[in-house]
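Below you'll find the structure I mean.
Chain naming follows the written order as A, B, C and D, and within any one chain the residues start at number 1.
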Amino acid sequence: MNALALTGATSTGEAVQFWILAVIAVGGALGMLLMRKAVHSALCLAATMIALAVCYMAQGAVFLGVVQVVVYTGAIMMLFLFVMMLVGVTSEDSLKEQLKGQRFAAVFCGLGFGVLLIAGIANAKLDHFTGLADANAEGNVQGLARLIFTKYVWAFEVTGALLITAAIGAMVLTHREHVKAPSTQRELAAQRVKDNIQVPPMPAPGVYARHNAVDVPGLLPDGSIAEDSVMATLRERGQIRDVSQEMLQRMAELEETTADWLGRPSSARPPVAPPEQRRALQKVPTAKSPSAEEGSE
Amino acid sequence: MSYLLTATCAVPAAGAVLTAALPAGTDDGRRRVTKIVALAVSLATLALAALVAVRFEPGGARYQLTESYSWIRSFGITFSLGADGIGTVLVLLTAVLVPVVLLASWHDADPERGAGGTADPATFENRRRTQAFFALILAVEAMVLVSFLATDVFVFYVFFEAMLIPMYFLIGGFGDRAGGPESARQRSYAAVKFLLYNLLGGLVMLAAVIGLYVIAQDQGFATFDLPTLTGAVADGKLVVNPTAEKALFLGFFFAFAVKAPLWPLHTWLPNAMGESTAGTAVLITAVVDKVGTFAMLRFCLGLFPDASKTFAPAILVLSLIGIMYGALLAVGQKDIKRLIAYASISHFGFIIMGIFAMTSQGQSGATLYMVNHGISTAALMLVAGFLISRRGSRLIADYGGVQKVAPVLAGSFLIGGLATLSLPGLAPFVSEFLVLVGTFTRYPVIGIIATFGIVLAALYVLVLYQRTMTGPVKDSVRGMHDLKVRELAVVAPLVALTILLGVYPKPLTDIVNPAVDATLSQVHETDPAPAHPVAATPGGEQK
Amino acid sequence: MNPVNYLYLAGLLFTIGASGVLIRRNAIVLFMCVELMLNASNLALVTFSRLHGNLDGQIIAFFTMVVAAAEVVVGLAIIVSIFRTRHSASVDDSNLMKL
Amino acid sequence: MNSLIPLLVAAPLAGAALLLLGGRRLDRFGHWLATAFAALSFAFGLALLASMLGRETAERQVDVNLFSWIPVNGFQADVGFQLDQLSITFVLLITGVGTLIHLYSVGYMAHDERRRRFFAYLNLFLAAMLLLVLADNYLLLYVGWEGVGLASYLLIGFWQHKPSAATAAKKAFLVNRVGDMGLSIAIMLMFAEFGSFAFGPLLGSEGTAGAVGQASEGKLTAIGLMLLLAACGKSAQVPLQSWLGDAMEGPTPVSALIHAATMVTAGVYLITRSASIFNLAPDAQTTVVVVGAVTLIFGAIVGCAKDDIKKALAGSTMSQIGYMILAAGLGPIGYVYAIMHLVTHGFFKAGLFLGAGSVMHGMNDEVNMRHYGGLRKYMPVTFVTFGLGYLAIIGFPGLSGFFSKDKIIEAAFAKGGTEGWILGGVTLLGAAITAFYMTRVMLLTFFGEKRWQPDAEGHEPHPHESPSTMKIPMIVLAFGSVFAGGLFTLNSSFLHWLEPVTGHAEGDSPLSPLTVTLITTLCMVAGVAVSYLMYGRSPVPVVPPVGSALTRAARRDLLQDDFNHAVLVRPGSALAAALVYFDSRGLDGFVNGLAATIGGVSSRLRRIQNGYVRSYALSMFGGTLVLVATTLLMRSV
């Protein structure tokens, strides 16, 4: 690295580097602040972080610079992006502020704080920079290692515990807990018998389907459609493809053919009632009707 | 070191835990088990308390049967107990009253009888209600006993304050049958008021306790041990500067005056006693409040003798106002329980007056007054509770002619009332007269004005009796049944004690007198001598 | 150039991060702002390390990173679980903590 | 023999306890049990009297110390009895008349379902009254003093279902409490002054001076006035007399025993007992005399106007006790005669009340004399006994009242000076008025037309003579009314009997005894004559005429109740109401207002807690800003 960085003074190269990096970092930060889409913000932040990593290295913190790139930009920012995938990449903030005066107050506080901070730094007597030449004499990583495993070993251990806790915490938080044990097959069956509404299996859809089967209800013995056989969503939307007439027609044709083939007289043939009448006869309770519910309570 | 005192306090505490842990249920059987267990625990406590009284030697050391266990070593706090004469009689009072209260409150916590429970008997709080009620009462008993026996200022403070917790729940959670839909709100108001008043007092006292420790520590007494501190104060080894002493005294006194309660800090009492069950009301006025007056005697006088003397006249005036004010307000009440509460305020005025009159008659009288007031008010209040449980109203106007339909109830009520008005021959007379005499010898004017209190006492008691018990039988009380066996068992010991202690109070005075003398010597006071003592008269015979 | 400029840079970034926390409503962006603040303080620490000529500042910065990592993990987990129940990542939608 | 003294008290007390606790199973014979206990006590009294008579005068006083009651350092109260000539006189009066009245009550209360309680209360009264007269110190006396008050309260209000009875009982107790306050202050004064309140050391006994001689006259006057206040309460003297008339709401035997013969005379006992104090406090004595004189006239005037037979007699009682108090206030010249009049009054007034009770018994509990008339034919025994009592009270020569009253009038004159003349005049006037109103009672009740009317339910009264349990006591008391006075005066026996206790002095009367007697008799005759002219010659109107202002005032107890109501009751209840308001609005209002203020401020403040995390962050950031700014400022300064 830059030999001068190890001393208190800065070279012109470092100055140039600094100004370039500073512009990138500040630009990234502002970009993060102002971009509407979260993904853009994340990318801006990544840029800032990389710029900072270089700053670290320029100041003799080589190890930290590398860690910054690997951990922050590599791991943490990726985590952010993952979560954004989960939440929705396209999600945008609406720019309309809902809290009264929040934005104004935030800008005011921010400016005030910045001014104070900079004033504070400017006021501090920071003219002599020792530099890290001595500290980094046996190498930056070795120097850090020495400190971590001697002076800060306790903190280090605790940090380990913290990380494990955080990992477990994240697992627990994102884990979906079942509020109660799921009912077993046996219990479901018993419940169905107890309710005595639909003891046999539900009718299946699609028996008479010729294409996209789920929206074609099954037919009951009298030829009417079994609405239960179609999923509730489709029923709600009214997207049931009623094929009963067609099917009855075909059945009738079939029977005609059969009768013809057997030579039965037409009077012995069962009459084909018009569909409206059949609807009236068919009064199998659909789902749990409200009255049934009250009765069982 | 004997473990008697610890045992006396620990038995009700353990009993509270046990009672709370008993199986819950809404059936009568389970409830009865709870009640019987609680009663048995309280009776065991009574036996232990009686043992304490027997083992206590009136002529012996100030604090007897002492025990001490290290608690918080860095602040010199020890869990030390010790019985002195005053504490012993109050321990006895507590131990006697709690079984009586338990028996009187037998059905008060049953959700279908008392107010405060929800309608559905199967909810959790209703299933646990009986256990909770009885356990809370036992918890209060344990804490009160520790307060009466503690010889460590810090231990006393802790239990003095801890008492508020079970009391809060007792007041807020359990009411009597008279409660309408409005009563739940009233009750929680009363409970919160009770808690806030007493917490405020307690906080002020905490500051004073810390201040006392800091001052004592500066002078080499890094301890909360009461005998050590009072001894050092008496010997002049521990010198508190007068301003600081006054401030500390006021800090302690404020807490005790709230608890006692002294006018004008009394307004929580009528609410608390009015809204809670009769049993709880008795617990408040007959037991818990006594800790306040007891502590004035033990802590205020012992630790701050000079400040006590400085403030005595002012306190006497306040107590005098309390006597008259409480009595006048009792006259103006429409609610039976509130009437009794105001009567209690008047009586507490007498007690505090006796304490700060700084005479042996006054202080012995005040101590006896604590006991006698406990018994007589318990009798009056519990019988009033029985009455209210029958009719479901606390308003005096809803009664009339009860004497005709329930003569035993009316008779018991009358005896309780007569005791409250200090009829000679009944226990409260002895104490009231001692207080009056004790006050009179030092402050004649205050003594005479206080005597008017006995006329007012007669007024409110007799008006109450006349309006509720006599006259034509009102429709609302027709068919009211008389006292049942359980209720008789509640009333009988109280009445018997009232009469017994009125006729022969000597066993109590023998225990109390030495302690009072010790207290008086701590404040460097002696009784004013009579101008023309009988003994000096030639030919006069000294009894 | 005076290395103090690094400190000015750190202050500026910190302020921007803080303002972001106050202004942005998307919880994820909010978190990124927090990260920016942490980074800014890390830069300051590294500069202090250089100022004093010992590595303690860097150690602290290192720990900060570890803690930040832990914080992000938990924080994002919270965001995910909130998003699951409320279908929103806006912090203004989680305002039940009022009387 | 001395051990009998506690038993005197214990017997009726045991009776009371037995009857109260015994329950229903004693209903059938409880009244006889009570009567037996009373009689037992009377027997003990007689035995003690016999034993006392057997001793020398100097040794007649007996002290029995039972146990230490309230020992607190200097304050030593004992339960002890002192039996001397004064006490035994009272003991015999109380137990004797008491037993008779128990017997009378057996008949009178025969149909009352709560008879057992009645007898229990009567026994309780006897016990308390005996305690009062036997106590050897003021504190124990106080116990008896309030004990009789309690018994009186219970018995006046015995018919509790009548609101008037309950009110009267309460009133009696309260007014008495005011008096009791005086007694307790007196005891406190004694203790503060002498360190004791026992009779022996304080008052001295025969031959030994008590401690009272040491104290200043001011102190003694104060004690004396307080004792007088107590006496006024118990003995229904002005200004605490208002309860006695109302007390007639109680059953008639109660009126006879408590409110005529015994309890109301306790004030006289107290003053006589405290003679040593009063003798040294002339101002207090003067006050006593004035109170007695005023009450004498007051009671007499009230007695003239009342149409209720019992209330008329109550007025008379007040007036007669006024005589006794007056006599007691005269000092050594009057004590003995006060007690003598007390005893004779006990006989004839009890007899009169029993007679009145008998009349009421026969007249469906009618008390209005205007509804009587001509009863002598229907109840001859009652008529005769009542008549003898009547003759005794008006001071008909030869009967009891004649001797005792005459002596008091004599003593009043003997006070000497202007005072003597005034007092003599008042007592003479009293004697005349007594004759007037008693004749009125007699005429209205037993003579003239019969004027009775059906009661509210339409029952025509059928006057009849009472059963023998009621007649016997009346007859015995009539004997007492006739002969007691003569017996006492014979050889001045009563004087010699009591003199060792109360002391005695002869005053120098400006009039000779014979003159006084003559004038007294003349006054009496005048009173009778006026009364006869007014009520004996013309038919009595059933509806009372409006009458003069004085009559109307007298019918209302000379406006005493109105006065009390206006001066004490109404301001009192207004004060109580005001304080209730103050307590709930003032003190509580202050506290609640404080709470409401804090609550209001908090509820405003809590709006800051809007639940938006960014808002909280802003607060934090703002806080940091302030902190940083402050730090920088502090460093730059």
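As a working rule, contacts are C-beta pairs under 8 Å (C-beta built on N, C-alpha and C of every residue); 3 or more make two chains touch, one makes a residue touch a chain.
Being a predicted model, the structure only gives us computed values, none of them experimental.
Of all chains, the one whose CA centroid is most distant from that of subunit C is D.
When each chain is reduced to the mean of its CA atoms, the one lying nearest the mean of all protein CA atoms is B. Across B-D and A-D, the chain pair carrying more C-beta contacts is B-D. Inter-chain spacing, taken between the CA centroids of subunit A and subunit B, is 65 Å.
Centre-to-centre spacing of subunit B and subunit D amounts to 36 Å, using the average Cα coordinate of each chain.
Subunit D has its Cα centroid 96 Å from the Cα centroid of subunit A. Averaged C-alpha coordinates give centres for subunit B and subunit C that are 60 Å from one another. Annotation for subunit D: residues touching 2 or more other chains are 610, 612, 614, 618, 621. In subunit A, the positions touching at least two other chains are 99, 102, 105-106, 109, 113, 117. Contact between chains, using the touch rule, shows up for A-C, A-D, B-D, C-D.
By the touch rule above, subunit B contacts subunit D in their complex via residues 193, 196, 264, 267, 325, 328-329, 331-333, 360-361, 364-365, 401, 403-404, 411, 418, 423-425, 429-430, 433-434, 436-437, 440-441, 444, 447-448, 451-452, 454-455, 458-459, 462-463, 465-466, 469-473, 503-506, 509-510, 513, 516-517, 527-543. Taken together, the subunit D residues at the contact with subunit A in this complex read 610, 612, 614-615, 618, 621-622, 624-625, 628-629, 632, 635-636.
For subunit A in complex with subunit C, the touching residues are 5, 8, 10, 12, 14-15, 18, 22, 25-26, 29-30, 32-33, 38, 41-42, 45, 48-49, 52, 55-56, 59-61, 63-64, 67-68, 71-72, 75-76, 79-80, 83-84, 86-88, 91, 93, 98-99, 102-103, 105-107, 109-111, 113-114, 117-118, 121, 126-127, 129-136, 140, 143-144, 147-148, 151-152, 155-156, 159, 162-163, 165-167, 169-171, 173-174. Listed in rising order, the residues of subunit D touching subunit C in the complex are 606, 609-614, 617-618, 621. Chain contact summary for the complex, subunit C toward subunit A: residues 1-9, 11-20, 22-26, 28-29, 31-33, 35-36, 39, 42-43, 46-47, 49-56, 58-59, 61-63, 65-74, 76-81, 83, 89-90, 92.
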